[in-house]
Amino acid sequence: MTLRRQTFDIDCRLDYELPAPADFLFQIHALQGLDQTVQAESLQITPTARQHVFVDPVIGQRLLRVQAVAGTLSLHYRARVRVERLLRNPRAVEHPIADLPDELLPNLMPTRYCESDLLAPAALKLFGQLKPGISRVLAVCDWIHRNVEYRIGTSTSTTTARDVFVQRAGVCRDFAHLALTFCRALNIPARLAVGYARFDTPPPDFHAMFEAYVGGRWELFDPTRMTSPYDLVRIAVGHDAKDVAFATIFGAASSKQILPCVEKVRA
Amino acid sequence: MTLRRQTFDIDCRLDYELPAPADFLFQIHALQGLDQTVQAESLQITPTARQHVFVDPVIGQRLLRVQAVAGTLSLHYRARVRVERLLRNPRAVEHPIADLPDELLPNLMPTRYCESDLLAPAALKLFGQLKPGISRVLAVCDWIHRNVEYRIGTSTSTTTARDVFVQRAGVCRDFAHLALTFCRALNIPARLAVGYARFDTPPPDFHAMFEAYVGGRWELFDPTRMTSPYDLVRIAVGHDAKDVAFATIFGAASSKQILPCVEKVRA
Amino acid sequence: MTLRRQTFDIDCRLDYELPAPADFLFQIHALQGLDQTVQAESLQITPTARQHVFVDPVIGQRLLRVQAVAGTLSLHYRARVRVERLLRNPRAVEHPIADLPDELLPNLMPTRYCESDLLAPAALKLFGQLKPGISRVLAVCDWIHRNVEYRIGTSTSTTTARDVFVQRAGVCRDFAHLALTFCRALNIPARLAVGYARFDTPPPDFHAMFEAYVGGRWELFDPTRMTSPYDLVRIAVGHDAKDVAFATIFGAASSKQILPCVEKVRA
Amino acid sequence: MTLRRQTFDIDCRLDYELPAPADFLFQIHALQGLDQTVQAESLQITPTARQHVFVDPVIGQRLLRVQAVAGTLSLHYRARVRVERLLRNPRAVEHPIADLPDELLPNLMPTRYCESDLLAPAALKLFGQLKPGISRVLAVCDWIHRNVEYRIGTSTSTTTARDVFVQRAGVCRDFAHLALTFCRALNIPARLAVGYARFDTPPPDFHAMFEAYVGGRWELFDPTRMTSPYDLVRIAVGHDAKDVAFATIFGAASSKQILPCVEKVRA
């Protein structure tokens, strides 16, 4: 068996208060595509607002635009998603630059949160001598797990991979940013993956992992070790968290509640 | 007449020295598309190297991948390009977020060189009270022209828009980055445009401008005022200079000569 | 009359909780010297702890070292202080570098929070053309008042003058840091002044202003405009907030209460 | 024998070109004090300029102020200096905060180039578990020697310890800054020491080391390993390079030559 098949029930509520009208760009729909199948879903927006969903032409993730009036805005998204994820290939190789598919090259470039150019010297010092391959990506994850503290409140919306490297603390997003930044600096294509994950201890929230392109496909990794890569229902993948924020708000709005719950469905 | 029609002859030479094999990603082909027509072109790579060109599926710019052996690498690109550029619309309006086409939303996000999130407070202080529309984009250009010195050697490959805002000096790329960062902070979609331009005084080099989306289309602006937006033969447009560098090198290589010349063809 | 004479009663309580022993360096004693006379004072530390006070040999400010055991630590400082402050000289001149006293030169240098080297280009653009003298220092204060929002929560213990310049928001310390940074960039010696001030609206807290050396003496300025420079009972002056923090803690301790109250004593 | 006694001959030339009058603050005099005795010295300034030397009241280093007219400015400093340096104490201990002399506390604070607050988490991860004492300071030096490349041109006048930590490259000043930053983060008082040193391979230049306070005295360390701490004729010690630059220039001046030569005098 090379696949892990699981089904998840998602129940996600978002509540906002708006002193004035505001535009929202949400990414909360489970990704329909890659190794995921959305079997059923519903989205309720209260009050009714001008909205539409568009599909990213490359990956297939769905983005929801909402034009909200002043007052409150509530979203309730529910879905049942089948995930059939390939088991990680423990012998996956790194690819020489020349062998990478054209469309993957942007995943080697630095982005707002992931300054792989600035961190390249450190990445080479730390991981440059290691044998190429998935084991090197795992060494990156191990280093981060040993050297970065998971601590809520240590990072903000402007914290970048360099900041995380220096302050040695962050949350899931920061862990993933630093990991994928190291990978890019090592010429391994890497991108952020965000979605719904099942947690035991922490309060439910969206989760972020990263994907590295090794062995001819994208492999998922969770450097926080809080969940298993098989237990992430992806919403989106992107260059970094600016691409795949669950909510980008144009205007003033305060978040009252973020409650994304996930349950595994028993077979 | 609402079009300015011009024809340009491009003659571009790039020479590198490579102590070891290296992979290159070049963006030197004139953009075939938008308001440009490549009437003739040739590319000579010496010595012969494994190469291929791929076309960006969204914009249509061409990217050249070259796998070079140790020694020297020379490129000689020549082209005749017809540019039929719409005259700038002096009454172009800004669009409310809700009216922006889906595919333009990424042009509002901060990127590696363009921290529109960090510079938003300054952008709002400086330009937030101005009447929306193309006149506000021009005010951004004017402010930069008055407050930023054009000075070669003041910026490096890691200089961002925030750095330019603080150090008040830079080159064409820095001017364009700061301008487009301000625009994004004002919720005006903006992107970098790079290409060939005709200069009188400075030594020939690639040039960078920026585009802002106003009045339902992308308008070109040159905040350095060194050239006219009608005189740019675009190679590519992208989020910032990481996307559209004329040469991204994976490996060690030293540049011996960069010589992009442009001549207007007399009617 | 060239002096404003006032008397202030200070009542300051600080409470900490310590999970383990910790060393404290406090600066809470009213400055005895310059234009201030401490007429009476008392300091109560609970529980009794190993402590001693030393006097800075240059300025005369007092630093209190406390070696606290685990548990709680409370300080209660009370003082009556006479302030006889020279009225601001509206015709105070700037001094050429060559005329500055030797011991003032360090007040021209950049420090941890005040990167006058990085902000020099912006300072010269904004204020370089203005007539030298105290009016230029006031122009710096005005610019900050117009362009920086006073907003609690916008800055942290690592926020520098450059950050404040970019984010255009901060608290009293940030306002003073940015102002003195601009002054240093203009070759006007400047330093931070912290102390007790009487507020009407905000909750009582320590206050920060800055001093610029013009007209042959140090003049006090409050770029927040929340108080008058005549109403500050200085605790200390220093290069920036790292020098004159009211509490520097070596070890883990959480602050439970900071309550510095000041009352003017009626004549 | 606990002392290493050596005599050095210094011959230092500095040449500048000034488009306009400028003020200079030089620190080129060998430190008269600590473990050094200046046996003979001469200073020639051409052309004659308004000048004076003042002595730092705390350390005793000498600062030379020169008011230069437009044209050229040349300094020629020569000295014979006897250095009687205590041999390093291999069992020197770290001191608890509470036992540090009052006047050393500022050497624990972050400064412009040495953000010991930002780098504290990394310092604790890397060195926090090591046995306190001089061996830990040596471990800091070793780590830097292994992880930072000595490479001229990698740093500028605004490069800080954090930058060096990230970019993993620098020159002697950067090595010393990073080392002393780590020490401060570990609560070991540390400061920069600059002076004349004898080099074999590199072109002669001023040299920077750092001092850490262990075993009840300041010990010198050279994390570049290019010279021996016994071979440094100190000019000055200070918080960081802003304090002890060999030349601080107020005005425009271009350096034509910096030539500080040192020879050991045979016994």
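Chains here go by letter, A, B, C and D, matching the order in which they are written, and residues are numbered from 1 within each.
Everything below uses one rule, namely that contacts are C-beta pairs under 8 Å (C-beta built on N, C-alpha and C of every residue); 3 or more make two chains touch, one makes a residue touch a chain.
The model shown is predicted, which means the values in this text are computed figures rather than measured ones.
Fewest steps needed to get from chain A to chain D, stepping only to touching chains, is 1. We define each chain's centre as the mean of its Cα atoms; on that basis chain A and chain C are separated by 44 Å. Averaged C-alpha coordinates give centres for chain C and chain D that are 30 Å from one another.
Taking each chain's centre as the mean of its C-alpha atoms, chain B lies 46 Å from chain C. Contacts with at least two other chains are made by residues 118 of chain D. Chain pairs that touch one another, listed by label: A-B, A-D, B-C, C-D.
Across the interface of their complex, chain D is touched by residues 23, 25, 50, 54, 63, 65, 67, 96-98, 102, 105-106, 108-112, 115, 117-118, 157-158, 187, 242-243, 248, 250 of chain C.
By the touch criterion given at the top, residues 118-119, 121-122, 125, 147, 149, 162, 165-169 of chain C touch chain B in their complex.
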